[in-house]
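Per-chain numbering from 1; labels A, B, C and D assigned in written order.
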Amino acid sequence: MEAFSDGVIAIIITIMVLELRVPHGTDLAALTPLLSVFLSYILSFVMLGIYWNNHHHLLHAVSHVDGRILWANLHLLFWLSLVPFVTAWMGENHFASVPVAVYGVVLLAASIAYYILTRALIALHGKSSTLATAVGRDFKGQLSTGIYLAAIPLSLLRWWIGFSLYLLVAIMWLVPDRRIERNLAE
Amino acid sequence: MEAFSDGVIAIIITIMVLELRVPHGTDLAALTPLLSVFLSYILSFVMLGIYWNNHHHLLHAVSHVDGRILWANLHLLFWLSLVPFVTAWMGENHFASVPVAVYGVVLLAASIAYYILTRALIALHGKSSTLATAVGRDFKGQLSTGIYLAAIPLSLLRWWIGFSLYLLVAIMWLVPDRRIERNLAE
Amino acid sequence: MEAFSDGVIAIIITIMVLELRVPHGTDLAALTPLLSVFLSYILSFVMLGIYWNNHHHLLHAVSHVDGRILWANLHLLFWLSLVPFVTAWMGENHFASVPVAVYGVVLLAASIAYYILTRALIALHGKSSTLATAVGRDFKGQLSTGIYLAAIPLSLLRWWIGFSLYLLVAIMWLVPDRRIERNLAE
Amino acid sequence: MEAFSDGVIAIIITIMVLELRVPHGTDLAALTPLLSVFLSYILSFVMLGIYWNNHHHLLHAVSHVDGRILWANLHLLFWLSLVPFVTAWMGENHFASVPVAVYGVVLLAASIAYYILTRALIALHGKSSTLATAVGRDFKGQLSTGIYLAAIPLSLLRWWIGFSLYLLVAIMWLVPDRRIERNLAE
């Protein structure tokens, strides 16, 4: 399951670059209209990188799976697979309100799918398992879900509020996390 | 063989999203024409997820392979590789009769290819092997093949009959399967 | 090296399907112009399947590699990576002479690259190694190279001569090969 | 981490071929406009091959990772993921000055990202670790960074100076490297 998930995330993160359409001009000005596409690409690259890191870390603590887990995992991959689509829509339309909000909807769904996956894994392994301890209360995960929930309507008011909130989530996860460090060290 | 197959299925499931063409508009109405493409994408994602789960489960019981098996496996991957094409054709034409029927043809061929693969594996491992026991009579597999056979001509009459039958197959496999559970637990 | 090569071949074999452009019509007649693209796709799928099988089998007998081997392998992957391009060119032009000949040039180059890889591996492992025995004289490989050499100019005379010769190579490799069987059984 | 990185590099190296657009003509002359795209493809294939080789070699000496390393690695993959884009821009514009310079900017950024990754790994493993010895002073890596730095402004003067310097770096790495050999032999 880990190899398959890693493969899918690796493909998603890479095919996104196919949305960076080669411009016709040959000067730096030809790259200017691509700026918003490029910014969206960076944000999604980081978001998918965070999912890969967390997912990788989560699966390391897994000792067995059942059919429910396999589908909870595919459910997460489904939402992640939509990231290239919403990234391109948001980027090509220079952060228009609706695409920015829809981008948030996909991130929200992915964060809920991740939550479902962790709960299904804890239900299977038991509340006193290493896995349950490693996941903990997953405060960051729940905070992210909350921020996405707020960001979606706020994007419709001002696109940059939504976008800034997505950035905030990314930065929150990029900051070295002692919990992951500890687990990796063990 | 498992790594290669996992890789191919992971790529097929992911490149399908490239057929979700970014719309030009920036409002929710711009997503409306994509609805049928999106529904087709979900159905195919689930179908490929089912194949991945079953294939994964099948290969776990395999102890050795020969040239025949490698080609029976590539034959299955060939039909699965056509799923993105028929998914896009069906979705972009809002479930027109012929594309819905052709979608069924590819699913039918894939289900037959899967059947051939399991028979070749059982022939190689022996009728009393763990693999033969794990596969069993594969009632669900044969039922799926039968449903596809019926769905193809029925799609030409009314597209939604075919589509509903494909959905039925998907739901039939999504319902927790005690047989797989038992094997995974062992 | 094996995982990377498997990954690259899996991606090449799968992205070829992206060249099967979704037709605009919704009847079976809309698929007719795709027939030559589809035939080319099948041929290339089989050819890449043969390379994957042989490559997989070859690497199983490898015990160590050096920089030379890594590059001989990348050289092979380079030519294989051009298969989707020549497949599409040949298919979209309904087997015009020059594209059929150029398709043969890529197959020829890949077969030479495979030969170089096996020689480099034998040079490294020694002429009395298991690998050298497993590869043997590689009569089929050299015959394939010879057929491609003949097929390229003959394609320019009549496209179907070249195409038939490519088919001949494919069938020659598809026929169960006792040499591979024996090695897989061990 | 190695499997994921291998996967991403395998996908990047392969999707580049999607930029080789199938020409409309059916004679050899139809391939002529593709010549610069093809040359760019070869150069980038070799460059990514070098990164794969070095990265593979580097990770073999790694015994443990932390969050910092995972992100230093993703940072490298980010720049490598832009290679198909700049390759296509450079190739489709027949080596216009600005695209050639921007191609160098991506290579420069990737070489700096690789440097950061090696330093982070050495910081984690200690200056007397096998890894630190294996990496050594990485003279070639630093020389490459220097050549890119020079090539970027020189590309704006004459495109072929920049391009020749990129070729020089590629050749420098292709020449058998006793350091890598020694490590692979151990």
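In this text, contacts are C-beta pairs under 8 Å (C-beta built on N, C-alpha and C of every residue); 3 or more make two chains touch, one makes a residue touch a chain.
Since we're looking at a predicted model, the values are computed, not measured.
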item: Same vs different contact residues, chain C with chain D, by half of numbers used; value: different
item: Whole-Å gap between the CA centroids of chain B and chain D; value: 38
item: Between chain C and chain B, distance of the C-alpha-averaged centres to the nearest whole Å; value: 27
item: Chain A: positions in contact with at least two other chains; value: 3, 7, 11, 15, 18
item: Chain-chain contacts as defined at top; value: A-B, A-D, B-C, C-D
item: In the complex with chain D, residue positions of chain C that touch it; value: 1, 3-4, 7-8, 11-12, 15, 18-19, 64-68, 70-71, 74, 77-78, 81-82, 84-85, 88-89, 92-93, 96-99, 102
item: Chain D residues within the chain C interface of the complex; value: 3, 6-7, 9-11, 13-18, 20, 22-23, 26-28, 30-31, 42, 45, 49, 52-53, 56, 174, 176-177, 180-181, 184-185
